[in-house]
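Pasting a structure below so you can have a look.
As written, the chain order gives the labels A, B, C and D, with residue 1 at the start of each chain.
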Amino acid sequence: MSVNVKFFASMRETLGQSELQIDIDTNQTVAGIWSRVAKDLPMPDNTVCAVNHTQATPETLVSDGDEVAFFPPVTGG
Amino acid sequence: MSVNVKFFASMRETLGQSELQIDIDTNQTVAGIWSRVAKDLPMPDNTVCAVNHTQATPETLVSDGDEVAFFPPVTGG
Amino acid sequence: MTVQICKGAFDPWQSIQTHQRDNLTDGQYGATATFVGTMRDFNEGDDVCAMTLEHYPGMTESQLEEIIAESKAQWPLQDALIVHRVGEMHPGEPIVLVACWSAHRAAAFDACRFLMEALKSRAPFWKKETLHDNSHRWVEKNTDGYSSH
Amino acid sequence: MTVQICKGAFDPWQSIQTHQRDNLTDGQYGATATFVGTMRDFNEGDDVCAMTLEHYPGMTESQLEEIIAESKAQWPLQDALIVHRVGEMHPGEPIVLVACWSAHRAAAFDACRFLMEALKSRAPFWKKETLHDNSHRWVEKNTDGYSSH
């Protein structure tokens, strides 16, 4: 199955990419997706994860076609 | 001595006057002024009193030239 | 720090912009909290078609200046503006504007609400409503400013 | 209930008036509480000369709509408006507008502050500051919204 992965703000700069499409096995978690895309970089403690525009946790399971995003704490307003 | 007395809103309508100048003895209180100007009408419980634009109590002493005001609870804003 | 009593209609959003242009420096403030009270066409279950606002010239202004001074003592405000309408007005027309400028939002929010509650409990203004049968009634007390759930 | 993401400068006072004219009925609301966040030329002790605001298209809008829905469930609001700037901006320019309309002031005040705090803690926006030596830095966290004394 295939998921779309996005990075924002300092996370985007650290990883040097903003978006990529990857093929994964079924029953993958958000943490599993991170390992696939971030290689040896551990996920920073304050990372916010989202699946399909809804906040998620590293344990959240992802499905085919999902959009998974990783970003630092928000600072708008 | 002489003081200027003012009434506002429903108090003005009840007493049928908005302002008058009266001559009084020295050592008068705000309550004493009320008795002079309101005749037999007891001061309503929720009456607000002010002397020279500052909130006062019925016991506040008034001096020559003071402006004494009586009005109901405020309802602005 | 400005207090204005208006005898005719005023546009609160224009007042904010004018005050900001004339009294504040771009880049120095980060937070502007404002409140506008507007005349409703209903109150206490009745239709209201007009309202007359009476005040106590002299004392009203000094009370408003005093509550602004109290807010300045309590919060790091850059500026504050209070505009209040008096005289006869109609539904949809603004009655009062309170605006606070500060570097950060907590002070602006807190001071704006403080000024509004202090104004409603201490500034000498009185409302008289005209109902549809052309009868009049004095508003006897303000609604609670803190129970909204 | 409206959410707008602006790629260029916006005038918050104009946005309020336009929204009010198009969505509200005169006489039906008595209270309008608003908050405007404006870019400062200082932060954390340093001079800031520009800022770039990044967002997550799609998620940002849906998060803002969700917090507005939460405010409607909690308070009797007649309407709410959120406008947020993205892209590059300069000191003195508005970043965010939150406006709430209600019959009475308590709901408008409470909901406006709730929306602002919820936006700052949950809506995906990120600020990157440009300092005077042309260096850049990401803002790492927002200031506290409740401690202002």
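As a working rule, contacts are C-beta pairs under 8 Å (C-beta built on N, C-alpha and C of every residue); 3 or more make two chains touch, one makes a residue touch a chain.
Here the structure is a predicted model, which means the values were calculated and not measured.
Trainee: I'd like to verify one number: the distance from the centre of subunit B to the centre of subunit C, where each centre is the average of its C-alpha atoms, in whole angstrom.
Mentor: Going by mean C-alpha positions, subunit B sits 26 Å from subunit C.
Trainee: Would you kindly tell me how far, in whole Å, the mean C-alpha position of subunit C lies from that of subunit A?
Mentor: Each chain's C-alpha centroid was found; their separation is 48 Å.
Trainee: Approximately how many whole Å separate the CA-defined centres of subunit A and subunit B?
Mentor: Those two chain centres are 72 Å apart.
Trainee: Return the residues of subunit D touching two or more other chains; collapse runs of consecutive numbers into ranges.
Mentor: 37, 105, 116
Trainee: Counting only residues that touch at least two other chains, what does the list for subunit A look like?
Mentor: 77, in rising order.
Trainee: Make each chain a node and each touching pair an edge, then name the shape: line, ring, star, complete, other.
Mentor: line
Trainee: Sort out which chains touch which and give me every pair.
Mentor: Contacting pairs: A-D, B-C, C-D.
Trainee: Mind pulling up the subunit C residues that touch subunit B in the complex?
Mentor: Contacts found on subunit C: 37, 53-56, 58-59, 62-63, 84, 95-96, 116, 119-128, 138-142.
Trainee: Hey, which residues of subunit B end up touching subunit C in the complex?
Mentor: 6, 8-10, 48, 50, 53-55, 69, 71-77
Trainee: Would you pull the subunit C residues touching subunit D in the complex into a rising list?
Mentor: Going by the criterion above, the answer is residues 13-14, 16-17, 26-42, 74-76, 91-92, 102-110, 112-113, 116, 143-149.
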